Amino acid sequence: MFKLWLIPLLPFLGFLINGIFGRKLPKLVINAVAIGSVVASFLWVALVVGPSTDWGEHKVQAHYFTWIQSGNFNVGWDFAVDKLTMIMLMIVTGIGSLIHIYATSYMDHEGGYYRFFAYLNLFMFFMLNLVLAANYLILFVGWEGVGLCSYLLIGFYFHKKSATNAGNKAFIVNRVGDFGFALAMFLVFINFGTLNFNGVFAAAPGKPVETLTAIALLMLVGAAGKSAQIPLYVWLPDAMEGPTPVSALIHAATMVTAGVYMCSRSSVIFLHAPAAMQVVALIGLATAVFAATIGITQYDIKKVFAYSTVSQLGYMFLGVGVGAFSAGIWHLMTHAFFKALLFLGAGSVIHACHGEQDMRQMGGLRKYAPWTCLVLACGSLAIAGFPGTSGFFSKDAILTAAYAHAPWMFWVGVVTAGMTAFYVWRAFWMTFWGDYRGHGKPHESSWVMLAPLMVLAVLSLAGGFLFNVPEMLKDMFPEHGEVPEEHMLMAISVAAGLIGIALSWYMYVVNTELSGKIANALGGVYRLVNDKYRVDEAYDAAIVEPIIHGSSAVLWKTIDQGVIDGAVNGIGARAQNVGGLLRRIQSGNIRSYATWVLAGSVVVIILMGIAGGVR
Amino acid sequence: MEFLVITGVKLALILFIFMTALAYLQWVERKVIAHVQVRMGPSRVGPHGLLQPLADVIKLITKEGVLPPHVNKFYYLAAPFFAVFMALISISIIPFGTDITIPAMTIGGTTFGPYRTMMELADINVGILLVLALSSMGVYGIALAGWSSNNKYALLGGLRSSAQMISYELPLSLAIAAPLLTAGSLSLRTIADTQQGFYLGFIPHWAIFQFPAPQIFSFIIFMIAAFAETNRIPFDLPEAENELVAGFHVEYSSMSFAAFFMAEYANMVTVCSVATLLFLGGWHPLFPASLGSNFIAPLLLAGCGAVCLYHGLHPARPFDRYTLPAFAVIFFGLAGLMAFPPTVPILMPIFWFLAKLLFLLFLFVWIRATLPRFRYDQLMGFAWKFLFPVALVNLLITGFLVALAS
Amino acid sequence: MDPLFFLLFAFITVACGVNVVLQKHPISSALSLVAVMASLAVLYLLLGAEFLAMAQMIVYAGAIMVLFVFVIMLLNAGTEATRGRSWTATIFGIPAILILIGALAYFMQTGMPQLGSVKFGDFRGGGAYQVGYALFTEYLLPFEVTSVLILIAIVGAIVLARKELD
Amino acid sequence: MDPAQIAGILKQGAVPTSWYLALSAVLFVIGVAGFVLRRNIITVFMCIELMLNAVNLSFIAFAHEHKQVSGHLFAFFVMVVAAAEAAVGLAIILTVFRNRSTLNIDEIDSLKN
């Protein structure tokens, strides 16, 4: 009807063309194919699918073919579009288009140009699949596919050991989450007999709470892996090894929000499992605070934004956990705007400084790259929740909902908001104010890079007015209670953001010595935070090392060498003995072999005749 | 019983005409080549050398059949007869006219007939496949002759011939398959009958002109492959006398030698007949009877008669005074027979069939007089690298067009 | 007529088949095999398998056996050595063959009487049209697979028969 | 089968299907015998073709018996496989002959032990 298949297929065709013929094609053609396919699917979504549907009542559902039919397990290749999907589609294709355009300039001088765009298009294909899916398995296909593309793109500079390691880390950590998600799907199938969203959500209210809680928690494990929540967030900062457009598209705007999307999509299950909701909220909040503290101490500009992404994802989970799904989705959207902007701006900065990522080697860039400075200021205002910007509205919606759920969550959220404003503006001041501390002469980026940044800047500033997501989604999710002192809460959170900005201005523009003193004063605590709480090391010691040693001691030395090899060798030795006898049959003479075959056939024929097999 | 008698009569007639024709084909070939090369050709035995084939036959029969001591006797003797057998047997399924009805007649109180019969020995519905099968069996005769002669030239000739015939059988079969798609049958008679009729009243419905897929390329491929299948110049490497002495029949003499020649000419006649039936509309005339195609034959023959008569009255050589008027009488008689209404429906298809067949045979002779010989690697390369792909593409396009049109 | 034709060609088939095994020279065996195939083709015709009969002649007699003859000529294979080293084949083989004959004869005797009989012209489903139709509808996949098989065989044969891998 | 029966068949003009099957069996056994007893590798190979032909005959006889074209297709596929087999097999024989200059299968026994 709306040819929903066209939406993911266009990027997939782009992937095929660029992936297969890209090596031979000129850059112009690669650009045209890569951008064209994504823009075409954006236009299809925005101009055809979007306006032509009455979104009030029903949703568009399409069944293309039966993918798996086994017993009563029936999975079709089904797509469905409702308002939630529509918002996600707009975000994914819209931001995707902008980032594709940006990347043509950013990646201009990189090797493997066609490969980059092929992967990027493949990512778009899987992401759109994920968003369009009408059952958990198709969603899972997209889920795994974006994971694959994430892995490929993190390791894009495969000649760098750190990049490939980061890719592996992302892939393996995600496997843990995916394992949880797969278990959740099994449970869903066992309990509901289907994986279709419609069927599951229709039947969910009647199921026991324990079952739903188990399913929701397992889904949360999956979502935590994909959306970088505690305890599985460790891969996301490392993922910044990939090219910056990848960080912007995959690790800020779209893929990492898949977990939030999935939880919102499964809102029916979560709403009937209050305990799970509580866990979601706690994990979200903890992640938000935790990541924010690390963000304060980082010097690599992309790492700062990476931790900020983790923190903001925590916010979204907080929103989901306190029942404000639409607020979470709203924040997902505004975050996609300003975080994509921040990452792309960071890319522009890195470009300006000839590949330097350490903020200590930057400074004073506002003179060299005024446009970048301007757009990054917009993005930073938005993330700090400056009144009127997009971030202000969505963050406020989440915090209000949190207050309604439990006031202490609100206060922790406010502190985090202050920290967020602080470290983002810290990065801003360090980069654009002061004197240039790096080498070479920085330069402004090309207009191809700046144009998407400006579009995103406008969206970051005005996104809250343009798209009132809770209004759009109000009949999809249940209402949550009104909070009386809403304006009060708003003022508090705005104040926290402004204090953060002011503090950072004071520490990094006015009195630049202060930060060093504070760091010295805090000593061990500062070093701990700067080392990201040594979580990676802890995981190494607690999980990775025991597994390696345990496997080599138990599995390899004892079980493999002792039991399995022993059995195999024992069988081998017996076989050798028997074979020594049978060897005499193997004379190497074809005619004697033929005779054995003949004798065997005669026996078979006679047996068949006796058994009456002739008839 | 009736069937057996009629078949016997037809068999005898066809065999007699065919064997005579084979012998005279040799004469035609020599005459044509001679005239191409501005020579006289055979002219000693009989008027214009017309008795030359007879003389050749007598010579070959009376010559000593040499049996070299080093040969494998059984196969050496069997090979030429195998070859000629396979070559002759194909003619039995070639239709050369429409079915005819012999009216009932009463002889001595017993009424015979009426008889209705086909102008061929056997109409089988996989006829074209049988032709292919028999032509592929023809390899054995040559290969065995080459091998059993126990002579390296002969062996090389035999091996070359088998390789060549197997290779060219592929484009040949593919070229045959294309017109079969439009005809939709494997029976030679049905195939010829599908080519009846005219476009716009004058373009014949022959396969080479036929809608939707004119088979002109199939025809060319078929003729090229047919030259190779019959081991004719420019593909006569198995018997290339200046490199292999005479190839597979170097050791043969007398009747066994003649048998190979007979096989070669019989094969020529067969492939030309098949080409006529598949591509040139069989016995269907070049233009419709309404435009006077029935008058072509009598006019042509009468013209020949007139020329003979004129030269007889103004003789270049003394004996022409007697021989040429005699020929003129024969020609006029034939022309009269062609114009005689009761015989027209019987003779006209035969005339058109023979006209096309003779044209193709003339083509064979003409090319022999014109072209040099291929080198062996060129020959194989040509078959596999050019002819085979072209035939495949041609078949593909034909199939596509036929599918589009249906 | 039918039984006479059958008996005639069955006799030729069996005689030539025995000849294949008894002849000392491979080329005689090969030509006997050609005769077996030709008379089998006639039997196919009697069974109403016109297309198969012609395919038998073209493919088996016209192509495969020519290949055999070709190879025999190329290798100039002489008569085979009479003495071999496999006693297994002789000691167990001949009795096994005899048992096989006995078993087949016995089972045929007991299992066959309910079968019908063959009259020429009874079955008209073996023409090129019917075979082709079945081939391109019901058996399309096997048909395409065989084309791949043949491609593999061609590649294999060329690789094997190349002089040297230089 | 007694003579009266055979006379009846001759008179009736129809051949029992079982005769075709018997012929097929006889051919097959001849092929087996040749395969086991002959020493020339090419002859052995030809005996395999003989067996395949015997099987084809029974396929076609059964196709007639059941008035179905499927049997013909089986026979057709057997032919195709036989063609492929002959091509590869003869190539192998050529290679073996080139390397060991013998066609006696009793001498080609490197796979022993």
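All chains are identified by letter, namely A, B, C and D, in their written order; residue positions are counted from 1 within each chain.
To be clear about the criterion, a contact is a pair of C-beta atoms (placed from the backbone, for glycine too) under 8 Å apart; a residue touches a chain by one contact, two chains touch by 3 or more.
Note that the structure is a prediction, hence the values are computed from the model and not measured.
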A-C compared against A-D, more contacting pairs: A-C
Gap in Å, rounded to a whole number, between the CA centres of chain D and chain B: 37
Between chain D and chain A, distance of the C-alpha-averaged centres to the nearest whole Å: 64
Distance from the mean Cα position of chain B to that of chain A, given in whole angstrom: 78
For chain D, residues contacting two or more additional chains: 32, 36-37, 39, 106, 109
Residue list for chain C, restricted to those that touch at least two other chains: 51, 55, 63, 67, 74, 84-86, 89, 93, 96-97, 100, 104
Which chain pairs touch, all of them: A-C, A-D, B-C, C-D
Chain D residues within the chain A interface of the complex: 32, 35-37, 39, 41, 44, 105-106, 108-113
For the chain C and chain A complex, residues of the former touching the latter: 84-86, 88-89, 92-93, 96-97, 99-100, 103-104, 106-107, 110-111
Contacting residues of chain C [partner chain B, same complex]: 27, 31, 34, 50-51, 53-55, 57-58, 61-63, 66-67, 69-70, 73-74, 127-128
Footprint of chain C on chain A - complex, ascending: 587, 589, 591-592, 594-596, 598-599, 601-602, 605-606, 609, 614-615
Chain A residues touching chain D - in the complex, by the definition given at the top: 583, 586-591, 594-595, 598
